[in-house]
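Across the two complexes that follow, chain A remains constant while its partner is chain B and subsequently chain C.
Our next item is the complex of A and B:
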């Protein structure tokens, strides 16, 4: 356990070095946030607004999305891990006396958290200071706030667990080209990062309830803004935890099978 | 011509790595189709936005995707100018008997972006076909003007980004706010946004000149004039003049990174 804590610390501090990239990220998030807020408000002027997603809720949702953009990005393409798989450096990792699955997950999670901490505060301040109607509002209730905070943490772990399954598939294909970006696009659409799920046609919303993707950002943000009431949010949180456990087990099983088959050529 | 020799060379290089080429082509195609699908979902619910229907917005989507991807394909050298400086590749450009502009243009051509160009073109043809009016020669000319203008504007932005790299050495993420951001912004006619924002992208970065201004003429919106709207793409293209001279000027300030 202590070993994983130190891996977390190393990766965290390491990622914190990249401040300039983060500042640029903040500017990008703010510009995109403003753009989406105005775009969707223009759509909302037409009427036919989804009843569980008011204009104020929608605007807060969009700002949360920008604040936690890196946190909820569907896949963290860690160059180090991809390189280990593609080039065979994985053999060094395998001789270490710790589980590769845990090692990689902790690395991914630490980098995710560090990148988010560097970016979300300036966007938060900007969004809070904006006037009512175009800015971020306070959470729907104290309960909604704490539940969404819990959802936020579980979501991060769930995304990492899903990423681990993707990395296991990389053992088979040996090339990350194209595959990661296809995954990103599809996961963004199905998780409601491209357009918020309440705006989608009803039949698609029903399908998405049965997929893991929306139990990340969509659940977290909509619990916060009160678009999902506390009672159903609690049920969905249970489903979220269920998906997390499923993906952890799946990832570990796949990983063990892959590691048994790894052949490293000398060199 | 030398450029076509380079074109052929880059194409041959590509054919050596067929699988990775087709995979990136596939991913580019999926990315652009998903963007179109999400736009369709929005119109399924809201029907119109600021007076524009789905088939009309599909044209602005197709135009901006076509222009951006086309420029990304052929102007890749400017997009990745920072790499050229860091690796010292730019130093060798200075000693060759061709202009640096020409050599940068030839240095990289990214054919995998053609996936998006083809999708955009297909959407454009489809969107044009389902318009309720008949296409006159003037409207076809305006549409072609929009495509050319978009390419010129994105190319100018890439060139300005490259000029900035000469001073900063590192690639600037901020440039992406204008290029990638512009691509996202211009998927919709700009008058969807508040007036202030629309003005910035009319007079400072002339995105509007291949977006809602000529589109107003295309769809016979009230108040559309030949001089102010149909010819807007021509005015927008003027951005290449300052962009080119800024690029030329920044090259005179180049200090090698010493690699």
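Our next item is the complex of A and C:
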């Protein structure tokens, strides 16, 4: 356990070094936040108001999305891990007395958290200071806040677990380009990062309920803003945890199979 | 300590046809070529030995090392090291081995070296006092003090290698695998690495298996060598014996007073000529310099003569030639 804590620490500290990237990220997030808010408000003015998703909720939802943009980004393309697979540096990981799956998951999660911490505070302050109607509102209730906090943590783990499955596939394809960009597009669309799910047609929403993607940002943010009431949020949280367990098991099985078959040729 | 029995490893390599249409065809139908990287290799290594594992590029050296480290699973054969089968009991087994791949890095490249070492301490669950002792020892032996707080990416290749060596020994392994540890290093760094490997072998009793293309590494470190080529074991024995076998081969440089167009000497083979300096080769077992000079000076005016015994690189290339590699 200590080893994983250490890996978390070293990855965390290391990611915190990259401040310039974070500043750029903050500015981008604020610009996109403003743009989305005014864009969707224009839709709402036309009278197209979806069920269970008021204008204030929608605006808060959009700001949360910008605040936690890196946290909920569908895939973390970790250069280190990709390099290990593509170039064979995995050799060294395999001569260590530890589970590669845990090692990589901890690395991914640590970097995710570190990147988020660097970015979310300035966006948060900006969004709170904005006038009512275009800024971030307080959570729907104390319960909604704590539940969404729990959702937030589980979401991070779920995204990492799903990423691990992608990394296992990388063993087969040996090139990160295809898988990762296709995955990013699909996961963003089906997870409601491109268009908020409440604005999609009902039948699509029904399908998305059966897929894992919306149990990350969509669930977390809509619990916070109260677009999902506490009772259904609790049920969906259980589903979220279920998906997490499923992907962890799947990832571990795949990883073990890959490691048995891994071939590092040359040099 | 190390028993390797009938180890074989076959790689499947996807074949691609030439050109654009070849690539398109490859999308639908893949042909695979089987490549035997290792073919029935067996050997034993005792505790405390240093063994040089040699072979030309692509002979299967690294593949053997990777199998012995538990990274690769062999197609067939057996290997018991320290009571474990590496690829089956990987996580337990690797606690007792240290590995340095000369062309890859095990330390985290964007953090200070000492942070990497502390991380290794936690990964290998090394008790704090033991870790301190071992780190002090390695710091002293490798002269690391000034490097510890520098991120790895800012170190030179030689400094990096010293840190890699230290990193692989923090957990006091019983066996150390070195895959081309001196590749790309300058002469001084090479000497330091060799000296260090010798010390840890003697003082800590660590068994060392080393692959290299630098014959001076072998000369400095060990007398036992194993040679493989095209995946097959070709030689397992003493290095001196091989050197002795080829010691009759010599290179002779003669500088003449006049610029002769062609010089013929009995028993010698002409190699090259630069100005007045001619180079010859001989394989005469009863070669004697005095006789030789006397014989040649009857015909030609000699200014200077220099005789070199065959060098190690040539010994090995001769050997490879003879073994048909």
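Assume the second predicted complex is superposed on the first by the 266 of 267 C-alpha atoms of A that agree within 3 Å, B and C clash if a C-alpha of one lies under 4 Å from a C-alpha of the other, contacts with A are read in each partner's own complex, and residues count from 1 in each chain.
Simple rule for what comes next: a contact is a pair of C-beta atoms (placed from the backbone, for glycine too) under 8 Å apart; a residue touches a chain by one contact, two chains touch by 3 or more.
What you see is a predicted model, and the numbers here were worked out from it, not measured in a lab.
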item	value
Chain B versus chain C as contact partner of A:189, first or second or both or neither	first
Touched partner set for A:178, first chain B, second chain C, both or neither	first
Which of chain B and chain C A:262 touches, first, second, both or neither	second
First, second, both or neither for A:91, with chain B first and chain C second	second
Partner chain(s) touched by A:3 [first = chain B, second = chain C, both, neither]	second
First, second, both or neither for A:32, with chain B first and chain C second	first
Touched chain A residues, chain B compared with chain C	B
Partner chain in contact with A:146 - chain B first, chain C second, else both or neither	neither
Chain B versus chain C as contact partner of A:46, first or second or both or neither	first
Chain A residues touching chain B - in the complex, by the definition given at the top	20-21, 24-25, 27-28, 31-32, 34-35, 38-39, 42-48, 50, 175, 177-179, 181-182, 185-186, 188-189, 194-195, 199-201, 204
Residues of chain B defined as touching chain A within the complex	19-20, 23-24, 26-27, 30-31, 34-35, 37-38, 41-42, 44-50, 170, 172-174, 176-177, 181, 184-185, 188, 192-194, 197
Interface residues, chain C side, partner chain A - complex	11, 37, 62-63, 66, 69-73, 90-92, 94-95, 97, 99, 101, 103-106, 108, 110-111, 115-116, 118-119, 122-125
Touch list for chain A against partner chain C, complex	2-3, 5-7, 10, 13-14, 17, 88-92, 94-99, 260-267
